[in-house]
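Each chain carries a letter (A, B and C) given by its place in the written order, and its residues are counted from 1.
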Amino acid sequence: MSSPLIKVSNLTVSTSDDNRTLVNSVSFEIAPGEAVGVVGESGSGKTLTALSLLGLLPRGVQATAGSISYDGKDLLHTDSETLRSIRGNKIAMIYQDPMTALNPVMRLGAQLIEVIESHEGQSGDATERVLTAFSDVGIPDPKRAYESYPHEFSGGMRQRVMIAMALLLSPELLIADEPTTALDVTIQQQILALVMHERRKRNMSMLWITHDLGVVANLVDRVIVMYAGRIVEVGSVKDVFTNPQHPYTAGLLASLPKASDKNRTRLVSIPGIPPKPWTVGESCAFSARCTRADDQCRTTLPLLRENSSTQAACFHLMGEKR
Amino acid sequence: MKEKTWFSYYLKSISGVIGGILVLVMFTISILSALGITPHDPLIQDPVNALQGPSAQYWFGTDQFGRDILSRCMDGMRRSMLVSVVAVSIATLVGVILGIVGGYFGKFLDGFVVRFSDVIFAFPAILLALAIVNSLGNSWIDTSLAIAVVYTPIFIRVARGPVLSVKEMDYVKAVRILGFSTPKVLFSHILPNVLPPIVIQVALSMSWAILTESGLSFLGLGTQPPDASLGLMVSEAQSLAAFAWWTLAFPSLFITIAVVGLNLVGDGLRDSLDPARRSS
Amino acid sequence: MNKRLPSTVFFTRLASVITTLFGISIFVFIVLRVIPGDSITGSLGIETGALTPEQIESLRAYYGIDKSLFGQYFSWMGSFLTGDFGFAYSNGVSVLELTKSALPVTIQLALFGTIFGVILGISVGMFSASKPGSVRDFAGQFFGLLALAVPGFVLATTLVTVMANVFGYFPNGFEYMSPWEDPWMNFQQMMFPSLVLGIAVAAPVMRTTRSALLETVDKDFIRTAHGKGVKHRVVQFKHVLRNSLIPIVTMTGIQFGYLLGGAVITEKIFAMPGMGRQILDAINKREYATVQSSVMIFAIMFVLINLITDIIYRRIDPRIK
């Protein structure tokens, strides 16, 4: 395998005032052209992990340890101008809620022009490029869209605008933070298809954040499962789906409806709710909800380890006899 | 665990505590003055001691007639507070009743109430108070009435807004369907919901009322000489301040402290009464 | 599409403005004509006692108060709408003439004061909001509180005393000069009163700016702007400030209106011959026609300013239709 495009090592994110850990020692890599999915419930730290890559963490939250190396630089410790020159240019992001992610008092065209101007200065063909970007993402009347304000567009159309904006400068990595969650189901499929198409066309790397394991099945090459601020399982999409090793991943899969399931067996949900990451301490965060947990799980922190199919942080892998 | 009252939240607000202390000091001063407890008689002239600087005998110095400025400031504060309390009480009572009734019943009555507030809002406060005092007279009751008219629409607006939204809420609808009488619905179910913004508004309006009252007496309307009023004292100090700074400084300080105090109390109330602003 | 107001909105607004103005005229009439009662006793004071009943009768007819209240209202409104604001007997000129020279002074003063206040208020607000909870935020908020609490007449009196007695500089001690006669003198005379009025405007503008900025900074689209690689300074002005402008404009509109009223006190202290002074003089001389018409003119200006604010507001917020 070639050298990774971006390498996250031991990323830890905490609240500034009371130092509660929200993301704990997360490490992963993304290879050039590779698509990685990060799956987890809300509060698992998946969105904070994604925002860390661009230094966009909200007020009151900061990365307290680790490194993110990209293009010979550590994005956690680089100067703000370097970070700015990467944002929207080399690494771009699309967000969960297209209704609030666009500036309500700025015309859509101007919001895209701004991306070009921020990285290339004044450019004569900027308008032309924006119109092309609009038509590439399937916006029916690019000229009208250029002059429109966000409130004149539906959620699906706004998300297309966001995608056009993110792809404008052909970034090496696209980070997508649940971009379909806020949309209607039919629109979701269109957006997924659009992103897949653009990714293949550009051979772009992608980090796709979602709470829905089902969404990433056809979309990514590799899956990272997060639970209470830590990575609990990593593997190729095929291995994770067919041969999950962590009981949590297995539980998630069991709760997905299967097209092949003709008997319509009841979906299984995992009982209980995830703990707050900072309350777990030196134990397996999933132990309270896990049917396989024993004293070891409640007193010792399991680390990621290789096994027959994936890497999982568990003492009692699904593939091992008990 | 015991549930926290708004007061424990209030005590957490630094502005609220400082403001509370300032307002308490000014209230105490007003009450002392009302009881006749001032260092000197605010009206007694003593030409021999005219325009004396601050000293052990006259802490704030004396004015052009040798009257004690501290005593006159205390007496002036009493008048300002009296007018402010009476004016804001009237404005609150009338404004809240009009706002709730208008908002609840809607239609013609509401149209009238809204139009009335629009009309009053079209006048700058001091100008309107000036016009009304000019027509009514210069007693403190006239001043209070004039200021009450000026600030009534604010309370109409503050009370009416929440009523419009609260009356559409399911529980209020349910109470109405259960057949409770209208006044009961209004006062036991709607009033508690609009109370917090009204309480905040009372503190802020009192501070504006003090500014308006002192502005009027500065212009020679309202309190007439020889009675003491903070605005009047500043007005008289215009020709004296160049060589007797204390004639300007102390009455100005009294007004400012009272207004700052009431504003800070308003901030403290906002922080403690609004659940969204309470920090855990 | 966004260039002009939809006509229905415009006409609803216009209808509401006209009813408000009608309400204002009735209110002014009640407060200034009905409550004080007979304006002959008012304007002539104790001398009325020396008049014969015939003289009083002819004076009543002269002043137009021999009619019923309705008659009086309609004759006042009729002449007001045709530009006849009454006659100021003590000055020997029509109120219209008085207003023609006084209104520009007040408007210039209010404009200068607003411009100064808005610049000051927005700057301090941005300064405060740039680091919430810090020393600079505290300093900014303290300034806002003081500007709110120190009455204009205290500030003005202090300023006059200090300038005139310490620096020996007091341009308002000279006869008032209009900007056409002597622009430099006019500017010097406008400077201090505008400063006093501006500080009063700055306080609420500062508070509004601070809270609007703090609210906007946490919005999703600000994160988007940073995520696009837009320079920090550009994000602050083009996105954060631009989106905070709506409440700031509203507050400025309200304050501009109140400035016209605050001018009553400031004009008196700085001897500016504006509308505020005109009203105060008329009150002192018991010229009821002047008071009534001038108050009416103030209210009309206030309503017009609200209308203008509303139009600006639609310009900066494309979501309002």
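To be clear about the criterion, contacts are C-beta pairs under 8 Å (C-beta built on N, C-alpha and C of every residue); 3 or more make two chains touch, one makes a residue touch a chain.
A quick map from chain label to UniProt name: A, B, C = Unannotated protein.
These numbers come from a predicted model, not from an experiment.
Path length between subunit A and subunit B in the touching-chain graph (shortest route): 2. When the C-beta contacts at B-C and at A-C are tallied, the pair with the greater total is B-C. Centroids of subunit A and subunit C (each the mean of its C-alpha atoms) stand 54 Å apart. Once the centre of each chain is set as its mean CA position, subunit B and subunit C turn out to be 22 Å apart. Put simply, subunit C touches subunit B in their complex at residues 16, 19-20, 23-24, 27-28, 31-32, 35-36, 145-146, 148-154, 157-158, 160-161, 164-165, 257-262, 264-265, 268-269, 276, 279-280, 283-284, 291, 295, 298-299, 302-303, 306. Every residue of subunit C that touches subunit A in the complex is listed here, in rising order: 217-221, 223-232, 234, 238-239, 242-243, 316-319.
Of all the residues in subunit B, the ones that touch subunit C in their complex are 115-116, 118-120, 122-128, 130-132, 134-136, 207, 211, 214-215, 218-221, 231, 234-235, 237-238, 241-242, 248, 252, 255-256, 259-260, 263-264.
Partner subunit C is touched in their complex by these residues of subunit A: 54, 56, 58-59, 80, 84-89, 92-93, 95, 97, 100-106, 114-115, 118-119, 149, 151, 162, 165.
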